[in-house]
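Note that chain A is present in both complexes that follow, paired respectively with chain B and with chain C.
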Partner chain A sequence: MTEGRVNRSVLVVGNGPYCFKVAGELASVDSVSLAVLREARLDEMERKPNLVELLMPVELLGFSGQPGEFRAVFRQTDGSHAERTYGFVVVALESEWISTLNKWSVVEDSRTTSLSKLEKYFNEYLGNIGPGDKVVFISGFKQNSYPVSQEKIVNFAAAVREKTGAATYVLMEQFKVAQEGLERAFRLARELGVVFVKFSQTIPEVRVGPEECTVQYMDEAMGQAVKISPQLLIFEDEACPPPEGRYISDLLGINLGNQGFLQGDFLFNLPIYTNRTGIFVVGSGKGPISEKEAEREAEAVAEEVAKLVCSFDKEVVGPFPRLNENECIHCLTCYRSCPHKAISLYPGQRSPQISPVACRGCGICVESCPRRAIDFEDGESGISYYGIDKEIAHIVYEDSRDVPRIAVFACVNSAYDAYLLAKSRGDRLQARCSVLKVPCGGRVEAAAVIKALGSGIDGVAILTCHEDSCKSVHGASRCRKRIAAVKEMMTKCGVKEEAILFGTVAPGSAPQFVELINRFSLRLQGRDGSSIIPGNAGSGGEAR
Partner chain B sequence: MQKEVIIVIGGGITGLTVALELARLGKHPLVVERGPLLGGRSASLPCKATDRCLKCNNCLVEDTLRQIKYDSPFEFMTHTTISDIRREAESWYVTLETGPFFIDWEKCTDCGACYEACARLGASGVVRGASINQHPFFGIDQKACSCLQKGANPACVKECPEGAINILARPQTRQVKAHGIVVATGYTPYVPPEKNRFGYGRLPNVITTQEADEMLRESGAVTRPSDGRVPQRVAFVQCVGSRDRRIGREYCSRICCGYSLRLALHMIHKYPDVDITIFYMDIQNFGKDFEKYYSEVKDKAKLVRGLPGDFYALDEGKISVSYFSEEQQKNVAQPFDLVLLTIGLSPQEENPDLANMLGLGINEDGFLRSSQADASAVVVAGTARGPMDVAECICDAKSAAFKMANFLEGS
Partner chain C sequence: MNSESGKHRVHTKPETQASELTERLDLQSVRSCYICRTCTSSCPVTFIDPRFNPLAILRMVLYGMVEEVLSSDFLWLCTSCYSCQERCPQEIPVADIMTKLKNKAFKLGNAPVGVKAQMDIIKKAGRIYPLDDFDNKKRAKAGLPELPTSCDVVKTLFESETESLK
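Right after this comes the complex of A and B.
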C-alpha cells in the first residue's frame, strides 16, 4: 500500500447512545467520525467533544475499498450526498428490547405492561399499588432471557416490595445469574419477601380481560395449582437484533449471525472481529450484554485500531498471493470467493487488486482461480497440482509396504498442529504419512488430490478445522464440498472413493488425529470390515 | 530513552494477550509466570466439537500461543515469582525470583530428552505442554521430582543436550524497574473439600470436570478412572463450588453451563448410546448459539432441575445418585457409571496479599479490582477480576492493554 493512500481515521456507525461512548474511546486514538443512523441523545457526545464530524441522522448509501482507504457515501436529511474516506470502521449498533405482550395475547393497559415501560414510568405504575395488592413479573417462556434484563427484574421486584409492601412474585424459567452481584441481588430480593417461582415443565397461564387479570400455574416443586389476581403484571422484553443490522452488514460485506444479530457465527470473530480486516463490531448489536461488557468492548476496539495503525508502518510479512495480470480473464471468481473481501475492483484498473493489509493468506483465491492466475509469492507449490508429486515422492517410492502410504493435507490452523503434537508425544501412526502443511482447507485443489492419488500412494487424507471455527470463514466447508464432489466423480469413473478421507481436527486434539489416520489406514487395508482395498492406483484398485 | 517496561503477572491467556497487544503497540511487556509453562489453564482445555465447532473457544488460545511461538514478540520468564514490589516516584521496583530448579527456555529446543529421562524413572517431575504451540514445551514441577526426593541429582539435568536445565542453590533474582503492572493471575478451580456429599475422593468414578478435561485432551475420550471403560450412564452435577453462600461462593461461575452442555453434546456425538443426565439449578446463556445448543441438549439428554442429594457406591464402580423428581413428585435413586462434578471458578488464594502489595481492591466474591486512585498504573484483567470465558478474557486483555498504553502515553 502506498503511504499516500493510508487514512487513519475511524468511522463509527451507530443507532443510539452507545456509539457516542465508543467514539469517545476512539477519539483518544485518532480522528473519529460518527454516523448515527437515527436521532439519539447527545449527552455522551458532550463529554468527549473531540469528534471530527457528526452525521446525524444519516443514511449510509455506499461502501467500498480496503483498510486504510474505505470509502463511504452518505445521504443527509437535507438530501445532500457526502463522500468520505476512512481507515477503519466500527459498527456499534444496539439491539432493541421489544415488548412480548402480544406473544401472551395481552393488550397493554394500566394493569399490564412491559419491563421497558415500567423502567420509564416506574413511579406512575407504582402510584396505585399498596400493601394488600399483588404484583407479578414474568420472565422467559416466550423468548430467551438474559442476565441484563433479569437484573432489572430483580431490582424492580425488590423496589416494588420495599416501597409498596405488595405481594411480589417473579415467575421465571431460569435465574440468569451469570453476572457480577446478581446471585446476591436475588437473595436480597428473596429476603425482602419477593417470591420467585421457577418452571421447567409447564408455562403459567395469563388471562387479561375487562373483568379479570389472573395468572394461573402449577407450582412444580410443590405440585400445587396456584391462582393469582395481580393489580400489576409486568412482562420481560425480548432482545431483538438492531433493525439496521441486516442493511449495514450487506453494505459493509460483513457476515451476520444466524439469529440476525451482528457478527457471523465464526469462532475467530470473537470477541469483536468480523470477516473483514479493519471492520469491527462492538456492543449489544451482537446480542444483549451488560453496560460494563459493552464498555470493555469499546476499549478493546480502540486497542485494535491503535494496533492496526501501528501495522501500517510495518512491511507486510507472510505468504501473500500475487495475481498474474497476463493470465487473468476478469471472471471475478477470486473477488467473489475471498472470505475477507480483501479483493477490490478499482475503477480504471485492469485486474482485481488484492489488499496486503486485508489478505489473511488463506489461498482460497489461488484454489478458485480457473486460470491458475494467482499464486503465493513465497511459492508453496508443493501443495499445488504442479508440485504435489515431487512433494510426496518419498512415500511414493517407499520400499516397505507393510503399512499404507498416505498423503495428508493438514490445515496449518488445526490438523497440522495436532500432527506435530502427536509426533512430539511419540504417538504411533499405522501408516507412512507425508503430511503437507496447507494454509486452509479451502486452498486444497481437487486436481492436486487426484494427482497425489494417481502417483501410486494408497490414500489421501484432507484434514481441516471444524466448520464454524475455520479462520477463513468458509474454507473448511468449501473443502468438504469439493472433496465430496471428487469422491462422487471417482465413483462414477469406477474408482474406489474410499481412498480419500475428509476429516476435521482441532489443533490440540492429537489423539483424534491419530485415531483418524489409523482408522483410515485400517480402511485402506480392508481391515475395518467395511470395504475392499483400493491398493495401488497403478494396479487398478484391486484387493490385495 | 529508557525502555518502559510493563510487568504482566500471569502467563495465561489474559496475560499473554495483554503482552501481545502491548508489544504490537511498540511497548515492552515482561510476562512473569510462576508455573513452568505459558498458556495457563486455558492451554490444556480440550476441543469439544461434534462434526461442527461448538465454540468452546479453545482454538482462540491455540491461535494466541501460535503467534507468540513464531514471532516471540515479548520477553517472558517462567518458573518465576515476585518476591518484592516497591513503588517509588511513578515507578515500580520489582524483585523476581526464578527457580532454583528450572528450564532456561532460551536454550531449550523442545527436544524432550528431559521428559523421556524423567518418564523412564516413572516420575512426573518434567511436565509437558498440552499444546504444540507452547514454547517452552517442557518444564519442571519441582514437587513431583523423584530424584530430589531421594536426594539425588535430577536425571533430566545431565540428559539435556543444550545444558538448559538449571538446578541452583537458591533462586536466581532479578530487579526490574517497571512503569506499569498488569495483574492477570487468573482463578483457581474449586476443589470439593475432603468431606463432601458427592463422594469425590472416595468414589473413583466421581471426578471433576477439570479431570475430565485432562483426560479428553490426553487420550481423546472421557472414560471411567476405575476401569478405563467408556461410561454408559453419565451424570453432570452443576454448580459445585458456585452459587453457594455457605461455602463463601455466592456467585455464578458463568462458564460451567456452557461447558457441560458442550461436553454432553461431544460425548453423545462420539458415543450415540451414552445416556446423559444433567442436574442443574438454572441454565445460563452461553455464546451466541445458546438457543440452538440448548434445545439440542434438551432433545438428546435428560435435564433435571435441582441438585442431587446422596451419592452411594454400587457394584462395578457404579454410583447411586438420589434426587427429587418433579415429574414423579417423589425421591428417586438412579445408578450412574460416571459422575462429573462441574466445578466453578474460585478466586486465587493470594488475592488478598496481591491486593495489599499493589493497592488493589477486592470485591465481595474475593476477586481483584483496580483501585480507584491509581487505576492506570496497575490494571487487573481476566479471571482475576471474576469468572469469564476465553473470548471475554481476550476482550478484557485488549481493553487492559489499551488502558495501560494510554497511561504510559500520558505519564
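Right after this comes the complex of A and C.
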C-alpha cells in the first residue's frame, strides 16, 4: 500500500445538518463522499457543496481495510449494493436532545415546557409573562446536565428577566463552567437579578395541577423552604447518544463510551481522534458540545486528514512489528487483539497484514502470537522471550547480597518516564534494578517474566499505566490479567508468587515509581510488615 | 420577632414590592453572590449562634424577603466585625448591607430594647459606661488625669445624626 498513490478521498458518515457542514469543510481539501444515514431535509441538501458526492439515505453494511484503503459496502435506496474505497473516514453523527418532562411526571402545556421548545417558540411563551410573574428553570436532577444546555438555560433566564422583568429562578443540581464564556454568562445573569439555587442534598418538588403549578424546595444556603408558583416552568433536555452510534462503532471498530457516546472515555483521544488511525469523530456524537466547538472540530479534521496524507510518505520510525509468514498459522489472534485494528486480512493474501500507518507500536500482537511469528524490527526485541536473559545479564551475575536484584518491565508511556525522572533527580532505589523499556504493558510476555525470574534474580516488577489511561486501550488490563495468571500458576507449582509485582504508575510520577520499587524490595527481603512471622512486622518501617 | 418560625414557614411572597425596597436600600450587590459560604464560615457570631447567618440573610434579600429580615431579631446579632466583607470573593459589602438593614429596622421601630437603652445612655452620658466622681477618684489614685462626667457634644451630634436617619 505504501508504494502506491495514497487514496485521499474521505467518507463522511452523518445523520443530520452537521455532517453537511463537515463535508463542506473537507471538500476544500479532498474529494468527499457524504453518507447520510437518515433522510435529511431538502434545505440542508441545497447547502451541499458541489464537490461532495451525496449518498442519502444510505445503509452502511460492511467496513474493512486500513487508512488509505478503507473499503465500505453500501446498500442504496434502490436496494443495490455498492463497494467503494476511501482513504479516511470522518464520523459526524449528532446526538439528540429529548424532553425530560415525563421524568418529572409533568404533561406539557402552556405553563410547562422543555428547553428546546422554549428555544423554538420563545416569544410565544413569553407573551403572557410580565413583571410580578415568576419563571423557573430546572437543570439536572433527573439526568446528566451538560455545559451546552446549561449555557442555554442561563442565557434564556437572563433574556426572560431582561425582557419581561419577571422574577426568574434557576434551580440547578450542578453548576458547570467548563465551557468558553459560561462563567461570564452566569455572572451576567446573576447581575440581572436571576436567582440561582444550588442543591446538594435535596431535590425540588414539582406539582402541576389544573389551577396552578408549584415548585417547592429547600434553599440549602438559606435553610428555609421556598415555594414558588411559576407562570412558566422550563425543564432542561437530556442528551441522548446518536441512535446509529452503537452500530457504527461496531462496524468501524471504534470505541464507545459508557453512556453510548462515540470515541469512548479515553482522554488522549480528545478532541477528534479514535483508537483507529484514519478514522475521526467530530461533533456532538461524542457528547454534547457547543456549536462553536463543533465548527472548530470540522475545520480541525480537514487539517488532520491533510497531515495524515503526508505521513504516508514518511518512513516508519520506532518499533514496528513484522510478521514471519513461514511461522504464521493464521489463528488470527493478532487480528483480534490489536487495539487499533491495524491488522487486516485481505483476500488472496496468505497471512494478516500489519498496516505501518495504523500501527502504533504497542506490541500487543507480538505478545499474543502463540507461534512467536511476530517480532519487533529494531532492538526492542531484547525484552522478548529470546533476548531477556541478555538484557538482564548485568544484574544476574552481580554479587549484591545487601539489596535484591529486580528486573523492571516499565511501560514507556508511564513507568519508564518515571524511572528516568527518578534517575535524574538522584532518587535512591533500594534495589539493584535492570529497567527494561517496553512499549506497552501488553507487550510483556508471560514466558519472558518466568525466564527472567528463572535466571537467578530476586524479583520481577511489571509497571504499566493506569488501566483507564492505557494508550493501547486494553494493554494494561491484559497485562494485569496475564500476570495474575502467571502468579496463580506459580502458586500451583509451589513457587512463591511474591517475587512478581504488577503495579500501575502515573506518567512520569517518579515518587510513585520509587515507592513501588522500594516497597517491593522490602517485600522481597521479608521486611515489609506483611510478613507471616508476627515478630518481623514493622522492622522494615523506614520506607513507609 | 419570627426567627423561631422561620425554619418551618414557607416563603411565598411575590418579589415585586420587596424589590422596590431592595432598590431603595441599595442592596442589589447581593446578586453577585455565588454561594461560596465564605461569609458564613468567617463569621464569629455564626460560630456561637447559628441563628445569625450572613449568607441566609443575603439569600433572603435576594428572594425579596427584606421585610422578614427587618423584623427579625437575629439581624441584631451582627457585631460589624467586617470579616465577611473582607473575605467575600465577589466583593459584596456584606457588613455594610447589615448596617443598612439595621438602620432601616431601627427606623421601623424594630430595634431590640437593649439597643434602644444603649442609645439612651450614650445620648445622656456620651459614653456607653457613664463616669462619675468615684471613677475620677480611682483615676487620681492611679495617677491618671480627670475625665469629664458629662458630654454634651455627643448629645448634640447624636441628635443631628438621628435627625438625618429619619
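What we mean here is this: the second predicted complex is superposed on the first by the 488 of 544 C-alpha atoms of A that agree within 3 Å, B and C clash if a C-alpha of one lies under 4 Å from a C-alpha of the other, contacts with A are read in each partner's own complex, and residues count from 1 in each chain.
By our rule, a residue touches a chain if its C-beta (ideal position, glycine included) is under 8 Å from a C-beta of that chain, and two chains touch if they have at least 3 such contacts.
These figures come from a predicted structure and were not determined experimentally.
Shared-chain residue A:Asn155: touches no atom of chain B or chain C. In the superposition on chain A, A:Ser116 makes contact with neither chain B nor chain C.
Of the two partner chains placed by the overlay, neither chain B nor chain C lies in contact with A:Ser290. In the superposed model, A:Gln512 makes contact with chain B only, not with chain C.
Using the contact criterion defined above for the overlaid structures, shared-chain residue A:Ser31 touches neither chain B nor chain C, since it reaches no partner.
When the two structures are aligned on the shared chain, A:Ala221 is found in touch with chain B and with chain C.
Contact with chain B, but none with chain C, is seen for A:Ser200 once the two complexes are overlaid on the shared chain. Using the contact criterion defined above for the overlaid structures, shared-chain residue A:Ser229 touches chain C, although it does not reach chain B. When the two complexes are overlaid, the chain among chain B and chain C that reaches more residues of chain A is B. In the superposed pair of complexes, A:Ser477 makes contact with neither chain B nor chain C.
Residues 187, 198, 221, 223 of chain A lie in contact with chain B in one complex and with chain C in the other. Here chain A touches chain B in the complex through residues 28, 144, 146-147, 174-184, 187, 198, 200-201, 220-221, 223, 257-259, 261, 263, 265, 267-268, 270-272, 286-287, 293, 296-297, 299-300, 302-304, 306-307, 310-311, 413-414, 417-418, 420-421, 424-425, 465-469, 471, 504, 506-509, 511-512, 515, going by the rule given at the top. Residues 131-132, 134, 167, 186-187, 190-193, 195-196, 198, 216, 219, 221-229 of chain A touch chain C in their complex.
Chain contact summary for the complex, chain C toward chain A: residues 6-12, 14-16, 19, 28, 31-35, 37, 53, 55-56, 59-60, 62-64.
By the touch criterion stated above, chain B contacts chain A in their complex at residues 21, 24-26, 45-47, 49, 51-53, 55, 57-60, 62-63, 66, 110, 112, 128, 130-133, 137, 217-221, 243, 245, 250-252, 254, 257, 281-285, 288-292, 303, 305, 326-327, 329, 363-365, 386, 391-392, 394-396, 398-399, 401-403, 405-406.
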